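Pasting a structure below so you can have a look.
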Amino acid sequence: MRNDGREPNALRPVTMTRRYIKRAEGSVLIEVGDTRVICTATVENKVPPFLRNANQGWVTAEYGMLPRSTDTRMQREASKGKLSGRTQEIQRLIGRSLRSVVDLKKLGERTIWIDCDVIQADGGTRTASITGACIALFDALTYMRQNREIDCMPLKDFVAATSVGIVNGKALLDLNYLEDSKAEVDMNVVMTGSGKFVEIQGTAEEDPFSAEQMQEMIALAKTGIEQLIKVQRTALGETLFNKYL
Amino acid sequence: MRNDGREPNALRPVTMTRRYIKRAEGSVLIEVGDTRVICTATVENKVPPFLRNANQGWVTAEYGMLPRSTDTRMQREASKGKLSGRTQEIQRLIGRSLRSVVDLKKLGERTIWIDCDVIQADGGTRTASITGACIALFDALTYMRQNREIDCMPLKDFVAATSVGIVNGKALLDLNYLEDSKAEVDMNVVMTGSGKFVEIQGTAEEDPFSAEQMQEMIALAKTGIEQLIKVQRTALGETLFNKYL
Amino acid sequence: MRNDGREPNALRPVTMTRRYIKRAEGSVLIEVGDTRVICTATVENKVPPFLRNANQGWVTAEYGMLPRSTDTRMQREASKGKLSGRTQEIQRLIGRSLRSVVDLKKLGERTIWIDCDVIQADGGTRTASITGACIALFDALTYMRQNREIDCMPLKDFVAATSVGIVNGKALLDLNYLEDSKAEVDMNVVMTGSGKFVEIQGTAEEDPFSAEQMQEMIALAKTGIEQLIKVQRTALGETLFNKYL
Amino acid sequence: MRNDGREPNALRPVTMTRRYIKRAEGSVLIEVGDTRVICTATVENKVPPFLRNANQGWVTAEYGMLPRSTDTRMQREASKGKLSGRTQEIQRLIGRSLRSVVDLKKLGERTIWIDCDVIQADGGTRTASITGACIALFDALTYMRQNREIDCMPLKDFVAATSVGIVNGKALLDLNYLEDSKAEVDMNVVMTGSGKFVEIQGTAEEDPFSAEQMQEMIALAKTGIEQLIKVQRTALGETLFNKYL
Amino acid sequence: MRNDGREPNALRPVTMTRRYIKRAEGSVLIEVGDTRVICTATVENKVPPFLRNANQGWVTAEYGMLPRSTDTRMQREASKGKLSGRTQEIQRLIGRSLRSVVDLKKLGERTIWIDCDVIQADGGTRTASITGACIALFDALTYMRQNREIDCMPLKDFVAATSVGIVNGKALLDLNYLEDSKAEVDMNVVMTGSGKFVEIQGTAEEDPFSAEQMQEMIALAKTGIEQLIKVQRTALGETLFNKYL
Amino acid sequence: MRNDGREPNALRPVTMTRRYIKRAEGSVLIEVGDTRVICTATVENKVPPFLRNANQGWVTAEYGMLPRSTDTRMQREASKGKLSGRTQEIQRLIGRSLRSVVDLKKLGERTIWIDCDVIQADGGTRTASITGACIALFDALTYMRQNREIDCMPLKDFVAATSVGIVNGKALLDLNYLEDSKAEVDMNVVMTGSGKFVEIQGTAEEDPFSAEQMQEMIALAKTGIEQLIKVQRTALGETLFNKYL
């Protein structure tokens, strides 16, 4: 039995509140258990320098944690004057994950800025960020269509993510912070609505893991992500995207 | 008539949600109209170097804005690698304001970290931060008393703040963003529950102002702050502090 | 009696030496008691990015202290690699104060850089900076008129500043360092030649202050600033500006 | 046929030159095709702050590229004044990979600093760094044993790494730079001498990948790493470690 | 004839004003033609970490220029957030030059901080800094003797510096800014009162120079420095040091 | 007898390996005793901002040390986030030295970036960098001629450098690290193939030096540099440059 009473293959309760921030083109408050992340999507009418005249758009992500989102107060990265390696890794992961389901040509010369800010952290903040940001991104793209900035929806699929791990020798889905901090193996998996992999990052925190353990974790992750994508579909309701996909 | 229908001397609706962040010793979500700020108070069992062996505590504040709290996305200060002058000014203001109502000797050799993070900004974020942080601070001090870390409540009074300004030649209370951006004069006032001034910062954005205008603004601010302190009292309800003061 | 023998409402001796730095368009050494500040004004033929094509000019200020201007040597901000919050606050204050008396439209697309460098510090360096910089600015604008870069004088009024405070319960004008370091309340006031307020910043260092105390401090500041503006007028002598105003 | 004539499942030629830097406790020049990395291991007699009094040691890694190791000159990170996100990701990966095969308790309160500096880059610099650093680490540990600083060898196993990817729909082992830059999927795999996984990082650069593709890539990686570990064994020759394992 | 009417072997007028900054242990305003530098010496009762328990003292120097000390306003290094290479080179040069005439053992575990701040620049600021700082250092050491912090004077000799150069093929002493900016060769020479070299830095700005030219420049520098040391002796007057040496 | 058995006027063995880095336009591994430096020259088709439209090219240099090139591991400057004063001094020296033998007009609007990275350090790394970079620069310029980017060779002469010093009162050529660390005087000399001086930097580390000692050191340096230029000529073999000069 897990410390919060879940079965090994159970996700924590997940909710997504759309339009949480009034002025953003897209915004979602995602809650996965006690983990809460505000995801916003902002449309900017230009592309980064390396894409100038490339006739395509871009999706990029930034990630932050409020200092007291964690058990012990963390120093603010703005005060330290630099982003930690962990923050940069997460930002790159979120950006890559979302770009994998966007047709950048159809965006035109625009950048979508995804901001994921963790209000309360209890494990799985990077995977919750991806899952929530997918919906904020959808809403921003819908906003662009409604304003006739784009002709068709550049989103090709849903994308969602979860963590899995080996704790006390046992594979578990959707680790909370306590589980994560004592996991022997920690794996983040990002998948699309059509069941393909976007990213797999598995790390042996102490002891290397076997091929069998890897298969078991991937299978668990797949189950979890399928459920998360159902929650996404429900959040969107009768929107164009659900009809379209 | 103001752009949101208020009378010149009317505050926007104010709410305070205590214990908004589970793990913080004190936390409040304050909403003043569309301005929303998460305030937390964290207890640390040491003091900054300049107070070592001074036999007293310290209260310090940090302030941040989510990149999309504003109408147009702002660059993240953590990405820029430094705090703007504005952020530092606000941090110093919040810290000074709260210290003015705390008996630092009674804190013992401890630091209370106040974090004010703006989730949505519509003018008056620094004054909302002070008003909300006062309650988060109260809750953290109560937590310390319940854990017998301190013997008596080191808070001497309530403290709250609001902005006033001259817009189109007319003095207005509690400016929202639209009003603030076209104000001729902008003044932030911080007062205690007993009606004394902690801080007055009045700035002529374009044209200098007269002594009469100053008096009028200060009178408006006083009315507003008295109401805010009532909201604080209501939020605390039947707590020790209300009894005590 | 004050530690330097002054009456409560007496300024320290003030002198202003114009053209102190040979090559600057305007430069003043201002001495207020033992506080000495070099103020220069530099004309640059472009505006900051946020004013491009706005058909107006800009006035901006920078402030620094020599490491040994103070009693104990301070670390050089250039060595620390960043400006302190205090320095940025003062820079913003000086800039705002001077802009309040300049008609930016008449400047054309030019920036006036004000540099205030404290050679020796004995309290009141930010207010001495404003008072001295006003004259350096005047000289730079005169230089521009003489070179026919502008047609008329864009300066609308004099501006000067002083500090007041409550020390041992008593309101004092123009605090020196010793007084400033033990003041219960510290207030900086910036006023124009026509007696209007540009900026009021009053801070309770320890105990909140009453409305009566505020009135008393403001009255003292007014007297002081009127004298400072007389010193400015004398420094300018038979110049166009004195005739013009 | 690949652009350098290799079969899909063929590694590039690999050589390791031990004791390449005279004064380092351990040092290796590893060459994998045209990729050349200098790996050194330095012993320091203290641990980072977070391990003080934890009665164990630490292994940490830093990674850099000479500005002209790449086709086009890169700006030096020391000149830019900060490490890129990519560099930090790689540093963390190398550190984790090596720690997974070290018994940190047996190290005592010491830190081993691994430095991997890329002299020439042609794809796979992070995996070559891990493979080479394992041998530099072995030599530094042997040096410590010979100086009787430790009683037994704290290395539990070999560790080596390679990249695999999908290029034009086909799974390939050990991508060179040209292949890497057009890969649809890119995966780095770190394994031990006993065939267990330490790290798997698979990323869809454009299109998500299927479970079958993942299996195929992992199988290829396994073959490659087995060969790399043979090269490591050969490099070590008749040393204690080969006898011991 | 030179642009300011001097003979090739003539120094500009030199004056030194001692005790220019009230609170510093030693302070000098040195003027060499239009070049003006404030030099202060501050005593600190500790040594840098690399000298802890080495039973000796240290002398270190910092150098800065006011933004408008130059013809065109320079950006403030504190605003740029870092010291230029030129500033660091000069700081190291001043520090080495002064240390060469101090018996660091006799200082005890103390650091003397030399600050050289250029108020107005017209060539030769680094050499004027050394010449002025020698006297500020003397005054700080005298202050220490008078306070019985040290028993004997740790200064072993005078030290002074000047620049020489080749301009239009001709060797000139003590270059002003205009000469310096068109010099083919530029050389800074630091010598002691007893005529020995502390530092020679000769640089061909465009064309390499011959051995004969080098000899000529060194002879000129020697003459100049002998005169500067006479000025230093006069500035000190009937002090212990003049008697002592 | 010196610690490595050399005569006072003997250089250490010198070798230069051209084309050490495959993709650079010019590259040399220079070894001077145990000092090893990789020098590359990169051609960039633009000039720095201060030379825009000046109808000439530029040569600039960067210098770095691998963390374990030295006896004790040094912290990486990229990790510290800034270049030390020493690094900047060396970068400026290398750049100036190379520019003194290049006809910048003939380069066209191009920048040659020289990178000198110390792989192993045993004294004299800055002088070895200059000596090696001269050949890398030659190769890059030859590459440009072969690609018809320039019509004639912009290199006017060879340039090479060595260090000399006074150790135990005796003048020595080409100091190794052990000698350098106990030298009383340390001098770096840069000369051209035609025997002229480009740069002389002599520093008394402890005691000032006499005119005679200076002459002796310069004579030694001259002998050494003549030999280094012979090694350069040999390295180039039957190239255009040898014919041309």
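Each chain gets a letter, A, B, C, D, E and F, in the order it is written, and its residues are counted from 1.
In the analysis below, contacts are C-beta pairs under 8 Å (C-beta built on N, C-alpha and C of every residue); 3 or more make two chains touch, one makes a residue touch a chain.
Fair warning: this is a prediction, and the values are worked out from it, not measured in the lab.
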>> With a step meaning a move to a chain it touches, how many steps does the shortest path from chain B to chain F take?
In response: 3
>> Taking contact as defined at the start, I'd like the list of chains shared as neighbours by chain B and chain D.
In response: A
> In terms of residue-numbered contact pairs, which of B-C, E-F or A-B coincides with D-F for over half of them?
Replying inline: A-B
>> Taking each chain's centre as the mean of its CA atoms, which one is most distant from chain C?
In response: D
>> Please identify the chain with the largest separation between its CA centroid and the CA centroid of chain B.
In response: F
>> Taking the mean of the CA coordinates per chain, how far is chain B from chain E in Å?
In response: 51
> What is the distance in Å between the mean C-alpha positions of chain A and chain D?
Replying inline: 29
> What residues in chain E touch two or more of the other chains?
Replying inline: 81-83
> What is the order of the chains around the ring when you begin with chain E and head toward chain F?
Replying inline: E, F, D, A, B, C
>> Touching residues of chain E toward chain F in the complex: what are they?
In response: 82-83, 85, 88-89, 91-92, 96, 100, 157, 191-192, 194, 196-204, 206-211, 214, 218
> Of all residues in chain F, which touch chain D in the complex?
Replying inline: 21-24, 27, 34, 38, 40, 42, 44, 62, 64, 66-71, 73, 76-83, 87, 113, 115, 117, 119-120
